[in-house]
Amino acid sequence: MDVILDGIIEAVRLLISLDREVLQITLLTLQVSGIATLISVLIGIPMGTVLALTGFMGRGFLVSLVNFGMGLPPVVVGLATWLCLTRYGPLGMLGLLYSPAAMIIAQAVIASPIVAGFSMAAIQSVNPKLRLQILSLGATQFQFLFLIIWEARLGILAAVIAGFGGVISEVGASMMVGGNVRGYTRVLTTATVLEVSKGSFEMATALSIILLLLSFSIMASLSYLQQRGRRP
Amino acid sequence: QKIGPEPAVRDLILATTTSTVDSGLLDLLHPVFEKKTGYRVKTISVGTGQALAMGEKGEADVLLTHAPASEKKLVDAGTVINYRRVMFNDFVLVGPPKDPAGIKGKPSPEALKTIAAKGSVFISRGDDSGTHKKELSVWKKAEVTPAGSKWYLESGQGMGATLRMASEKEAYTLTDRGTYLAQRANLNLDILSEGDRELLNIYHVMQVNHEKFNKVNAAGAKAYVEFMVAPEVQKMIGEFGKEKFGQSLFFPDAGKE
Amino acid sequence: MKPMLEARDLRLTLSGREIFSVEHLVLHKAEVLALVGPNGAGKSSLLLTLALLQKPTSGTIQIDGVAAGNGNLLAIRRRMALVFQDALLLDTTVARNITIPLRIRGLSRKDAADRCEKWLERFGVAHLAKRPARNLSGGEAQRTSLARAFAVEPELLFLDEPFASLDYPTRKVLLEDLGGILEELNMTTLFVTHDYTEIPYLARQVAVLFEGKIVKSGPVVQVFGHGILDRRVWVPWERD
Amino acid sequence: MDVILDGIIEAVRLLISLDREVLQITLLTLQVSGIATLISVLIGIPMGTVLALTGFMGRGFLVSLVNFGMGLPPVVVGLATWLCLTRYGPLGMLGLLYSPAAMIIAQAVIASPIVAGFSMAAIQSVNPKLRLQILSLGATQFQFLFLIIWEARLGILAAVIAGFGGVISEVGASMMVGGNVRGYTRVLTTATVLEVSKGSFEMATALSIILLLLSFSIMASLSYLQQRGRRP
Amino acid sequence: MKPMLEARDLRLTLSGREIFSVEHLVLHKAEVLALVGPNGAGKSSLLLTLALLQKPTSGTIQIDGVAAGNGNLLAIRRRMALVFQDALLLDTTVARNITIPLRIRGLSRKDAADRCEKWLERFGVAHLAKRPARNLSGGEAQRTSLARAFAVEPELLFLDEPFASLDYPTRKVLLEDLGGILEELNMTTLFVTHDYTEIPYLARQVAVLFEGKIVKSGPVVQVFGHGILDRRVWVPWERD
């Protein structure tokens, strides 16, 4: 357990001394996972809403596709994104491989079905008669969605939490498409893996602790938002 | 004090093996290179197999690997050019300090024979890496076919992870000296067999052929190769690790074929 | 003059069960029609269908002479309001429950607030304006839901047992008021009730739904007789 | 894209020929992730239920802890589990490191907060008055829980789907504590990573496809269960 | 004889608002008490508290002479049944909604099925037994909820506006029946209603709750006067 203790000491030291490299890695982590989550929210919430509210041919198939996408292995997403973005792959001309943009793409692919799936479940659990009531208030399609999402906000926030949690903690895809380039695409998880493979467990533990602090504070604020005014 | 004009294509993709990165060597060299030339090196540290595959597909600009036999195929096919020797270190057989199979001091093929005879646990990387290939060639020399035996485990992971597993399981394994030295503090393993001629671990740097792959950053790759074999860089390689481990992790080797 | 609402051959089948089948139903402008019938007759389903919230299995609905279809659904819905059998309030304050449909219809913040106040007052829940709708009592919720419907001052109003949870004196005062309000605002109204004593306050016409079919319709006194007008009970917390 | 095509062909070949090694890897994957999910269901559902239904001191803190655990990076879990299970670690005497049992432990640690968090959200969205109604039916604590969970089954199944999806697709922790030992702890994700590092992208793609097929069929059956009788 | 239910100094405060404050309330065995009052008076909250589902801020409740506490809550709850203001059914079939509380109380599958059938019959919803409760009409749901409460044949029964969504003839028949049933089964009953004409059918005693306080109580005729007994309306689908 010395390793963990040393890791904590090292983490504190890094935080206090505002180590430039660690700071940069932390900011990049936030930036990449934040933007990816934002994209997945923009894609996932409307998608989940449509799946929850409309009945069309192939809906059942799409629902299982989303549920399945929720379990899409980051490694597989990483591999597929990698194959798409390579120089001679279909999107090679964009030259995005081994850049933060590539990581954002892969993470958004991972998070979108998560957000969509949980948004769907949240909206399905809104009283179906309330949906009719909202329509009868004269709401446009957009206002309707807004109000329904408001009613399902508890579950939708859980969806966002899950999406963000899924990507900030992910390593396989980020490693593959980002390449863990120092000062450019190195994020907290990939840096941790590198430190482990270097055998510097203290540093790995320190980075883990920073990652945990980071995700804990974000999760805590999201869950505060979610639980506000909801006592059992 | 940068030399030459601003490069046309700034990004340079280097595909290399984990050992060069994990040892920290490239973290020392690349800032110097970047400052000097203005390129940004994107170091992708992967298994040797993947590094070579990336070269074969033109996905990397320059390669730094340690599997001469496999590299030779790329050179012969014209996939890579400007193939230059950079440095070497060596492979060593490590195992628990108690040395249950009693291989201490034996030359490597004999040591492996003893391990097989005693049925002591041996951990192979099993990942087609340079180290794995070297290990297989030693088994061949020892005239043992270990695959499928109960005492022969394939970790399917990098050197660091494999060393840790060996340490945990009190098993033997073949490792490059650099990684072993870097990790030694966390391991309960000793070097038991070393110094054989065939256990040399030679690193080569090479440019991916821009005539075959139009997207390859030829100028950058050339600059990188020249950089690695430049005398002052060779000196840095030789000094690297002396301070921390009391000995060099790599020995500069440029120009000797 | 075109009728405000006209339905023809309206039929609804759910889970293989015929819920209702109505050949012809007309509501003239400013007319108030009471719809009665036993539990499960299909009243609520018919109301939902006429309010364009439930797609009928077959049949047509014309609103003010225009056939309701996908193109004009929203525009028509904004001319209507509906009070459901159970008050379905949004999970926000009472006041915002009233103002949302008004803001949706493009009223300014100020106008919406004024209307909201007026109608909350009218239904005796002005003191609850800032309370979260989630904690209201049954009657308070129903009043809020009524205020919400009236606040949009719709041309066409659907009420599904709107007074069931109101206390007796409130109900009485409201019934006496609402007749005037409906007339004043020219609201065409269809309302479902189980308490026949309410009918004469609001409606002249009544339709009886039984097992999904309209089995009787006409003026109130013709359907019920004169006994319906007679009801007297004391309010225990107002005496002495 | 040739790689993907070749990968598909290879996957079909492996499946048809019932390649012994691939079969064994697939079964182990199912076994490890299945048991881990089971454990996380046994821990997570009761925990989520308690958090949703009772108010006690420190509940707020526990809620953020669970939400935070939902985003616990597998790499960090792997590192922590590894440190606990090493020979000289606190649980070293069990000798579990580099065994399927160790992978199950790590995966259960990853999945439990996911299941707990989503169960909590699901149960919170059950009409609070219905809870009182159930109590008034004379239900014991246990019957009460059973009935509440029944009412929230849509969301709870989503929680199980998320938990299972999280672990079957996870690679960081499995790699660290399982060690990817051929024939013993190699699962589909770790095998995929290995094939990528060997540069055999076709084989990696083939394994990915098998993993996808596997998780797709499981997710499809779970989501069929979830959506049964729920049309919008 | 000990009273079936006795509450002293019962007070409930929620979100800083005093919901009710009742000094003393007694229900003797087999007594039926009507609880009336305006919307928001606190009737439903008082009922929930007496049924041991809402913890009072202060005060004590004795059931059959025993103070209700954590230890005996379950045992006491099994002697009670409660019909909520809005029918809260479980998301399963109508029949299972009835049998679940019976099976919980240890009845055999067969006995539970028999009782279920009997009470569904009595409330006129036997034909719905196999239907999912989620799709019921308002009145059908309320009947199911009533059947569920009566099927457990409790010693102590709480009813919160149980007839509000029932159609008039059903309500009338039920009211006439239920008086006998309550007497026959010796059920001590507290029921909340807004329709005072229902009171004389079931209750002899009435208590009036106003702004959380019992402002009046006593025999029905004394509180309401004799006008309450008079009500006549026709059922439109039964004539001719």
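Per-chain numbering from 1; labels A, B, C, D and E assigned in written order.
Definition applied: a residue touches a chain if its C-beta (ideal position, glycine included) is under 8 Å from a C-beta of that chain, and two chains touch if they have at least 3 such contacts.
Nothing here was measured: the structure is a model prediction, and the numbers come from that model.
Counting hops only between chains that touch, chain B reaches chain D in a minimum of 1. Taking the definition of touch as given, a chain qualifies here only if it contacts chain D and chain E alike; none does.
Shared contact partners of chain C and chain D, listed by label, are A, E. If each chain is reduced to the centroid of its CA atoms, chain B and chain E end up 81 Å from each other. In terms of their C-alpha centroids, the spacing between chain C and chain E amounts to 28 Å.
One inter-chain figure worth recording: chain A and chain D are separated by 17 Å, centre to centre, where each centre is the mean of the chain's CA atoms. The multi-chain contact residues of chain C, meaning those touching 2 or more other chains, are 86.
In chain A, the residues touching two or more other chains are 196, 201. Residue positions of chain B with contacts to 2 or more other chains are 158, 161. By the document's touch criterion, interfaces exist between A-B, A-C, A-D, B-D, C-E, D-E. Contact residues of chain E toward chain C in the complex are 14-15, 36-41, 43-45, 85-86, 124, 135-140, 143, 160-161, 164-171, 194-197, 206, 208, 210, 215-216, 223-225, 227-228, 230-234, 236-237. If you check the complex, the residues on chain B that touch chain A are 11, 13, 18, 21-24, 27, 30, 40-45, 57-59, 158, 160-161, 163-164, 182-183, 185-187, 213, 215. Here chain A touches chain D in the complex through residues 1, 3-4, 52-55, 60, 63-64, 67-68, 70-76, 79-80, 83, 89-90, 114, 117-118, 121-122, 124-125, 128, 154-155, 158, 161-162, 164-166, 168-172, 176, 189, 192-193, 196, 201, 204-205, 208, 211-212, 215-216, 219-220, 222-224, 226-227, 230-232, going by the rule given at the top. Those residues of chain A that touch chain C in the complex are listed here as 127, 129-130, 132-140, 143, 147, 150-151, 229.
Across the complex, chain A is touched by residues 48, 51, 53-54, 74, 77-78, 80-82, 84, 86, 88, 90-92, 100-101, 104-105, 132, 148, 152 of chain C.
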